[in-house]
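Shared between the two complexes below is chain A, which has chain B as its partner in the first and chain C in the second.
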Partner chain A sequence: MAEAAVSGARRPRATGATTRRLLTNRRVVLGGAVLLFFALAAIFAPLLAPRDPVEQDLLLQYVPPVWSDEAEAGYLFGTDNLGRDILSRLIYGARIALFVAVAAAAAAGLLGTVLGLIAGYFGGWIDITISRLVEIWMAFPAVLLSIVLVAVMGTGLHSVVIAIAAIDWTRFCRVVRAETMAQKQQDYVASAVTIGLGRARILWREILPNVVPLLIVLFTLEMGIAVIVEAILSYVNLSLASDFPTWGGMISDGRKYVNQAPWLMILPILCVIALVLALNALGDGLKDALDPAMRR
Partner chain B sequence: MSWTFLFRRLLLAVPTLFGVAVVVFVLLRVVPGDPIAMLIGPGATDADIAELRRLYGLDESIAVQFLYYLRDLAAGDFGTSISMRQDVMELVLGRLPVTIELCLVAMAMAIALGGTMALAGAYWRGRAGEATVDGAAGFILAIPDFLWALLFILFVVVFALDGLPISGRIGHDVGFRGATGFLLIESLARLRFDAFGSVLLHTVLPAAALALPLAAIVARVLKTSINEAMTQDYILMARVKGFSRARIVCREALRNALVPTVTLTGVQFTFLVGGTVLVEKIFSYPGIGNMAIDAVINRDLPLIQGLVLTFAVLFIAINLLVDMSYALLNPRMRHG
Partner chain C sequence: MTGAPPRDRPILSVRDLHLAIAGRGRHTPILRGASLDIAPSEVHGLVGESGAGKTMIGKAVLGIQPSPARISGGSVLFEGRDVTHLSERERRALMGRGMGLIPQDPMTSLNPAHRIGAQIADVLRLHLGMDRPAAGARALELLNEVHVRAPERVLRQYPHEISGGMRQRVLIAIAFACRPRLIVADEPTTALDVTVQRQVLALIKRMQAQEGASILFVTHDLGVVAKICDRVTVLHGGRVLETGETRRIVEAPEHDYTRALIAATPRHDRPGDLLRPVPEALTARLNAEALAYDAAHGSHG
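Right after this comes the complex of A and B.
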């Protein structure tokens, strides 16, 4: 009984209308389509890649892409300085980029959301402590801090994910804290307090669901940031062993041989930009479609 | 601006600085387990390790180590760089002017480009001009500075623009050795226009890469503020008086739109400074950002620590300046 009363006071959830709004939003559809394209490439990489991405062929170095006159049949985007197939490396690179994006955004989101909810709901010295921590964190240059963190923890995918989460939780924390403070003023929280629900339960069951639309937007935008940071870390050779096909590592190789083979650099750069633009468009579109304040 | 405001704001920076020092200590001395393992080369004997351990005070407890660390920081002693065998403070201060000049050039470019975009967008409000500015700002902002840097390099190589250098800070043939690190200012003051031109040419591309994202933000915020100002009564008054649209946008509305832009530009300026880490590396530009990456690659613990702290102090100082300029520009905030 009590629960129904509280749920009734919550914002009405119009699932059908939201879905329609999402599907008619141009940015959501376009961003989602590009993201889906990369996700499919990542998932079916072994089926799609024409060659082994780490296989070297020193007889076929610097083969230019198909639009050049000197292109070789079977190498759509050419080969790099070690004769590795660029298309296959791009496809496998999407795997690493998307894995890091999802894992890092989830970890940063989890940490930031928990701290943001606690700071926003309890206020007082807890809020002051957490806000102070955020402020100290913001005093570091994010790129340098991530590089130092990975250097300290040792290279590898898990280090990259932890480094991004350890830096970017502040983005979630600040927004979720502000939103929680706003939600706390709503009538439904007052009625939940009145009927005697515990604090943890109010936070988890009542406030959190109302913060979820915001979290989806933040998560999407954070994925874009994580893609960039992973590219940066693999650019400075801290993400994975240079053998592994990462977009940042390919850009780094391309920078070294830019005079002999400028195409080495352009394709992975375009992949990073396309994926980041797609995630930004998707995030902005979701914001418009999900945020009731923006709708009006 | 009252002295009490200044003093209170300075005082607030102290706990942040302390927090930064704690984080750096934990990050570099506690997390890696044994920092000595990061320092020693292969072939070190047990005696060497014990000697190093004693030298760095690592044979003491963590608490005592932390006190030593704070004492050294307070004395401005950042230790000796392992890879360069020089005092860290000297190394950092020697490179700092390079990064400061680069950031200031980038800042000027960002304000010029962003301001022009904002004025154009406000002038052609509601027409194709504004949509173009919005679209361009969104696109520029989506691409981070280090990718812009790489795109510029690609552009220079593909189109063989040999006049635009993509590495270093000054041409080798110029033969100008400044007494300070501020080569742009110094060459100008000593009327060495060839050196000034060379440094400027070397600075254009890295500065542009750093400037573009900030320019897009300036364009967005300034345009929104101008559009808001355009709805005010005094603008209607100016229209009634028959002033041209260009004059109303550039003279009347702009003046009142500056405060929010200045605040935001200041905050975003810290991101620009942070961007130098990679952009300097990409252009082999000899500032502290480039040095930071090399320090990480060389596992030069004292240098890493000195550079991270330097960046943090820069960030805190910039935020302090922004708060103060905000208080200067907005009388209501003076006694906040």
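Right after this comes the complex of A and C.
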């Protein structure tokens, strides 16, 4: 706020100090930059992609990337077996990867956070019930479960999102439950009780805001997981029809031509790795940078 | 009970309170029939060594004892009504306007996620039904009353942006915001610097006098008691050893333990005096008495 700055606050404002800590954390800056790069590509895909990602040109198959001698002008990363522009497919692939990542992390986060908050705050039989459910849920192998779920619900993006959320809400639930139990012991909660705030109010308005930094970290890490799961599911053709430019689908297609056109497989693999590493670095960096804010 | 009963009908009356911690098949008595009365507008000191159960009495009065603690007997009468078994709704109605708390640790007792102004305004809106602007204006007044410097700015700040002494002033403002009849102050100055301690103590006394609230003042410092308390209760092992007017307790203590506590307290008027810790033999005797009490009351679970 401008007023605070003018009145010459002696101590740095909370947001100012946190922002500074974030901007001086290498992993946050690096991971954030790579994520931003992919996010911009995803958002502005129609403007950035030089060609239609599904348009085939059978006269221009297997055009190698620009660094090869046989490269064609205008095809930065070459074309695939059907003459589709790789760069355009990668850009649209970022769109799908990030959409799934955000939607799945949001859905998993919402379900897991609500249940984790309730279990951690109310304890007793509510906690026991929710914790048992989590344990049973986690006993299933995740990838297998997601494949079964998508097979049952049918392929498509929404199935992929639901499958990831249905599996990974437990991740949020466990961590949020533990954090809520820790927050509940804090003196500010006892103060809230002694001024007569109700339980629901204390949980949502007093405790939840103090869990938010942790949620941001979990959300980022979950996005990374979702990107991998989406790639796996489209690799085994359980995501979108192979026409659609998903990175996993491109890897799967490229595998067949790996001897004559290795770039078909290598480029989408690099995209997956770059995005996942960026999300993990960002998540870990945020954990360090936000931690002091949480412990204050 | 020892000591003369207060003249007026007590606002708070703790009667023969038994409280124990239950866990893993064990049953640890914490309060062994503790009793005390507080009159309207009285500042009542509760003194004793660490572990005596002072905090537990304060929490039991407010109904915020930790979950393994169970009240196994006796009662807490607030304005004549037993408040040990209130429903959630009844308890909430009592908080803020009936009772309030000045906590021990101002560093951790404010919510780190909310601005100071919002935290004060919340109480006003909840109990006095004020709207947002009215609550904001009243919050500013309250900060002025507790002598917070630059109150307009503090309203917009987060707890970690202000000093411990300022936070304690904010917490005092919150405690007094809805004019409660009783405030539990649990060692409200121990976490503060010595110079700040004196100011905060004076502030609590002034606010108390101005609002006419009663205070249950928990401390281990008889020096503090002598400064602001009208009456004192001496607690050891969850048992009340002695109760009385502060002057009488300080000048003519009846119980050996009270004498020992006084001998262990530095005196500003006689700074040359040697401080003597409470003799081990006395502590051993009191502990034995506590165990004998447990045996007689069969409260081993």
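Rule of thumb we're sticking to: the second predicted complex is superposed on the first by the 279 of 296 C-alpha atoms of A that agree within 3 Å, B and C clash if a C-alpha of one lies under 4 Å from a C-alpha of the other, contacts with A are read in each partner's own complex, and residues count from 1 in each chain.
Following the convention adopted for this analysis, contacts are C-beta pairs under 8 Å (C-beta built on N, C-alpha and C of every residue); 3 or more make two chains touch, one makes a residue touch a chain.
Please read these numbers as outputs of a predicted model, since none were measured by experiment.
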Of chain B and chain C, the chain that contacts the larger number of chain A residues: B
Chain B versus chain C as contact partner of A:Glu135, first or second or both or neither: first
Which superposed partner A:Glu206 touches (first chain B, second chain C, both, neither): second
Which superposed partner A:Asn259 touches (first chain B, second chain C, both, neither): first
Which of chain B and chain C A:Leu197 touches, first, second, both or neither: second
First (chain B), second (chain C), both or neither touched by A:Gln186: second
Chain B versus chain C as contact partner of A:Ile147, first or second or both or neither: first
Chain A residues within the chain C interface of the complex: 1, 3-4, 7, 9, 11, 13-14, 123, 186-188, 190-199, 206, 209-210, 212, 296
Residues of chain A defined as touching chain B within the complex: 132-133, 135-145, 147-149, 151-153, 224, 228, 231-232, 235-236, 238, 251, 255, 258-259, 262, 265-266, 269, 272-273, 276-277, 280
Chain B residues within the chain A interface of the complex: 15-16, 19-20, 23, 27-28, 31-32, 139, 142-144, 146-147, 150-151, 153-154, 157-158, 270, 273-275, 277-278, 281-282, 289, 292-293, 296-297, 299, 304, 307-308, 311-312, 315-316
Interface residues, chain C side, partner chain A - complex: 62, 64, 67, 88, 91-97, 99-101, 103, 105, 108-114, 122-123, 126-127, 150, 153, 156-162, 171, 174
